[in-house]
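Some structures to go through are shown next.
One chain, chain A, appears in both complexes that follow, with chain B as partner in the first and chain C in the second.
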Partner chain A sequence: MSLDNKQVKEIAYLAKLSVDDSQLEQSTEELNNILNLMEELGEIETGDIEPMAHPLHMSQRLREDEVSEGDLSKEFQKIAPKTGKSHFLVPTVIE
Partner chain B sequence: MMHKLSITELSKGLKNKDFSSVELTKHYLDRIAVSELNSYITVTDELALSQAKDADLKIAKGKGTILTGIPYAHKDIFCTKGVKTSAGSKMLDSFISPYDATITEKFNNENMVMLGKTNMDEFAMGSSNENSYYGPVKNPWDQKRVPGGSSGGSAAAVAARIAPFATGTDTGGSIRQPASLCGITGIKPTYGRISRYGMIAYASSLDQAGPLTQTAEDAAIVLNSMSGFDDKDSTSATKETPDYTKNLGNSIKGLKIGLPREFFSEGLESDVEKVIMQSISEFEAMGAEVHEVSLPNSAYAIPTYYIVAPCECSSNLSRFDGVRYGYRCDDPKDLNDLYLRSRSEGFGDEVKRRIMIGTYALSAGYYDAYYLKAQKVRHLISEDFKKAFKSVDVIMGPVSPTTAFEIGTVKDSVSMYLADIYTLSANLAGLPGMSIPAGFSNNLPVGLQLIGNHWSEETLLNVAHQFQLQTNWHSQLPVEP
Partner chain C sequence: MTWETVIGLEIHSQLRTKSKIFSGASTAFGAKPNTQACAVDLGYPGVLPVLNKEAVNMALSFGLAVNAKINQHSIFARKNYFYPDLPKGYQISQFELPIVGQGEIEIPLEDGQNKMVGITRAHLEEDAGKSIHDLYDDFTAIDLNRAGTPLLEIVSEPDMSSAKEAVTYAKKIHSLVQYIGICDGNMQEGSFRCDANVSIRKKGDELGTRAELKNINSFKFLEKAINLEVERQIDILEDGGSIVQETRLYDAVKNETRSMRSKEEANDYRYFPDPDLLPVAINDELLSQIKKSLPELPTEKKIRFIKDFGLSEYDAENLTAQIDIADYFESMIAKGADVKLSANWVMGDLSASLNKNQIEIQDSPISAIELYELITKISDNTISGKIAKDIFKSMWEGKGSVEEIIENQGLKQMTDIDALEGIIDEVVNNNTLQVQQFKDGNSKLLGFFVGQVMKATNGKANPKQVNKILNDKLS
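What follows is the complex of A and B.
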């Protein structure tokens, strides 16, 4: 499988990244080189092998849904680029 | 000459009042001030001196632990309350963490002294420290060369003795490879041994923290402090932590060492191989037995890792959107523009590349061919180790196929990825791995890799310590400029 420039633009958009037109050709080539390396996996027969999502085959530990820390909203707002009274500000979405 | 002392020796010195923690801290800060390695992103001198004062008070009262008053360098991937935590990225250049990582908290509880935050490849993605927003780190053995990565700043700082020890993280070799290239000791424990809470995530099923130290004994001491169950990390292991220093003195007579034939294949520099084989002979002389083992799927560790890790990173790094913290572009015209430009301007090239690969591999229609396939092969790689550990106690081989290369000479990503061949599989299988100084090739350090079965850190540290009692590679220092 090999990507063309148009696909690279689409992937970038999905990843919320932009690829400059002047760099597009080079990005496509780099990504294709990496994908070529991935193709090696096609050599292995993996039919009914269980996929391994956790290195120790452990399942996710759950906990009670309880408040463990107090309200830290002020602390978290302090490090945000732009905030309102009790919220984070972004450009207007709905007029 | 305090900087030539190990943690055990420093701790004794503090206890005997040969020097105070403040004196020790000042000594290191003076050394950092004249260092040209670029190994620190932030030096926290004021904080360090106040922590040292507190430590001295505690020591004067006869309280504290073996690590009280000991300075250290913290990889800039661990959150530190009130101190910039950048992960080597422009994205987090202005990020002052509002909370401490569990490791930071543990170190604070022991009254240890943080000298600063160390340089690293951006978000721990890299094997040379050249992917840092803050510029490359220089290898103290030859300043034209890389220190390895991603914990390059930590490794260089310990090798140059501008920190007695440092923290690191290892997702595909990021503790072991820089430890090898800088001639120091580093251990990545079993997945789940050390809390990942407050450790900025790259690939969550692979990321694991560990210490970079001068000796195996020091590594055991620091590992004691770092390890243990943490309720705040859902993948933290509940398994009890032993005292890693307890069995360091055990004899390794009869130890079964496995040499995987796949680790001695083409691509391994012959001088590196020579050093590795000499250290294996040393182990034989100490009474260990050497057996050949096979890890038939190890060549596939590269494509497997470079699918799994980017997939996880594309998901983990979606949190950096310019809204709640981190970099935001100027004058976004709408929300989409805010996302696109904040991320494109905030991330470096390699990070973007891995996010793109991950996004593609996880997208509809390609998931089975890439991610699912890689997870199946990951299982095969893990099974290879399981089989091997039925007949041997520890697996040994090189950490890296070469010694440190010159800054700027490896230009394409694929060539850089290929050099990770010997370290990736331990992460994929969640196994503990270690690098210890084994000798030199053209005056550049070569590390020997030790891989153990799950939860066998005690064995690795014991084996490494016994080797260090017989050899002096770990106590050799680079020439200071």
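What follows is the complex of A and C.
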């Protein structure tokens, strides 16, 4: 599998990365190199191996359903780039 | 040309836990913005999610209630997209190995038949925060109180073939999650949200391209939005066009659906297993424990109502659709109320008044005991059914108990036969023309006489008794 410049632009758009046109050719080539490496991994026979979701051989610890966190909104708002009365403010999002 | 509609639903139901799915922040509704969003919910560096046991148990309750395959080894995944109310840049959800696998639920159809609707899966995930677009002119305001609230996303098979069926299915799930106590079902507050995948095809063809409808917050809108979408797709296809796979937003004010984003701009969510969370292991012991703790489910209750109370399938279906209505009805019967009368009053006057005033049965101004007292007065002939309706209104308006209203307004049914006969004689004597017509064979006039007597007694006569006496006198 290999990507062309157009696909790389689309991926960059979705990942919110700006890829300059002058860098595009190089980025595509680098990404394709990574994909080629992945393809080599695909040659390994894995049919009998159970997929691993996590490297630790443990299962998830569960917590009791209890409220343990208080209101720290003032502290969090202090370091936010922009806040209103009690909201965080971000550039207008148009739906 | 006849088109066939194919609908699948994705239902997000907020789980009724006290704390969030991965943090110890409160999930209470209506708090001041951002006061219930902790470092985990805000996606601060260095924090780790820890799964809420109760959220897992609730998902399992649902799975067992729809006879689903439970994945005893289940994993969480990151669903990546950018939006300001999702601070981490990904939503923790499940992709492969959702906690609840394939299940099914039966829904009643309009023709009296039942239909099995497949449930593809139900998975646990966290809710996002809220973006408020109209609070500031130049900014979007973000409230992250909802971020991290546990959701169970219930995905159906594309088994529904009309908007009505989709609504019936959604109502069935809505009822079930309340029965088993995992969701409060409050659609206004967004605790229960539906997205609909809609496509059309010619009979026998393969599935058509679907559009996903979002932003539907009532059953009425669900039906409207689906019907609108079906019409739109038929128009396009019959004009020789083709359907684009896209997400469409339902606008209740304009009653239209409009495109949100097309497939090209659609997110590739780049799911991958969340390295912050280990696989969830569900043991047999927990499963059997939850199975034992499940309450009586709607279908079981319906069958019991038919068997124990002799109700019709239709009445039993209606009375068990909501657990609070079923409980209300059952506490009337437990007091010894007449089954048929109770069913008629609960589904009739009571439901109508509740709907009209948009209140839930648990907030009804007339309690089950009070309604029991009212219909007991009908059963023992103290009042007529018609007077009972007036008393019901007075009780609804808080004008006192049944006894007080009957006493204060002098509504007791006439039991004095002599007095009643006197009134009937008077009516008969004053309407000689009609008496003659009745005797000549116009039997419909009996109703006229009954009406006159009821009017003369201010509705306090017992219509059955009046009928009998009139028949005796006129024959």
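In the analysis below, the second predicted complex is superposed on the first by the 92 of 95 C-alpha atoms of A that agree within 3 Å, B and C clash if a C-alpha of one lies under 4 Å from a C-alpha of the other, contacts with A are read in each partner's own complex, and residues count from 1 in each chain.
The definition used in the following text is that a contact is a pair of C-beta atoms (placed from the backbone, for glycine too) under 8 Å apart; a residue touches a chain by one contact, two chains touch by 3 or more.
Owing to the predicted nature of the structure, the values given are computational and were not obtained by experimental measurement.
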Request  = Check the residue A:71 against both partner chains and state whether it touches chain B (first), chain C (second), both, or neither.
outcome  = second
Request  = Could you say whether A:60 touches chain B, chain C, both of them, or neither, answering first, second, both or neither?
outcome  = both
Query = Which holds for A:86: it touches chain B only (first), chain C only (second), both, or neither?
reply = second
Inquiry  = Going by the contact rule set out at the top, does A:33 touch chain B (first), chain C (second), both, or neither?
reply    = first
Note = Comparing chain B and chain C in the superposed model, the one touching more of chain A is B
Request  = With the two complexes superposed on chain A, say which partner A:14 touches: chain B (first), chain C (second), both, or neither.
outcome  = both
Inquiry  = Output check: A:44 vs chain B and chain C. Expected answer is one of first, second, both, neither. What do you get?
reply    = first
Overlap of chain C and chain B interfaces on chain A (superposed complexes) = 11, 14, 16, 51, 53-54, 56, 58, 60-61, 63, 72, 76, 82, 88, 90-93
Query = Where on chain C is chain A touching in the complex?
reply = 17-19, 23-26, 32-40, 42, 50-56, 75, 82-84, 96-97, 131-133, 135-136, 138-144, 249, 260, 264, 267-268, 273, 275, 277-281
Task = Spell out the residues on chain A that touch chain B in their complex, using ranges where they run on.
result = 1, 3, 8, 11-12, 14-18, 27, 30-31, 33-41, 44, 46, 49-56, 58, 60-61, 63, 72, 75-76, 78-82, 88, 90-93
Remark   = Contacts from chain B onto chain A in the complex sit at residues 95-96, 98-99, 190-192, 205-206, 231, 234-235, 237, 297, 299-300, 302-304, 306-307, 314, 318, 321-328, 332-341, 343-344, 347, 352-353, 355-361, 363, 369-370, 372-380, 382, 412-414, 417, 427-430, 454
Request  = Name, in rising order, each residue of chain A that touches chain C in their complex.
outcome  = 10-11, 14, 16, 51, 53-54, 56, 58-69, 71-73, 76-77, 82, 84, 86-95
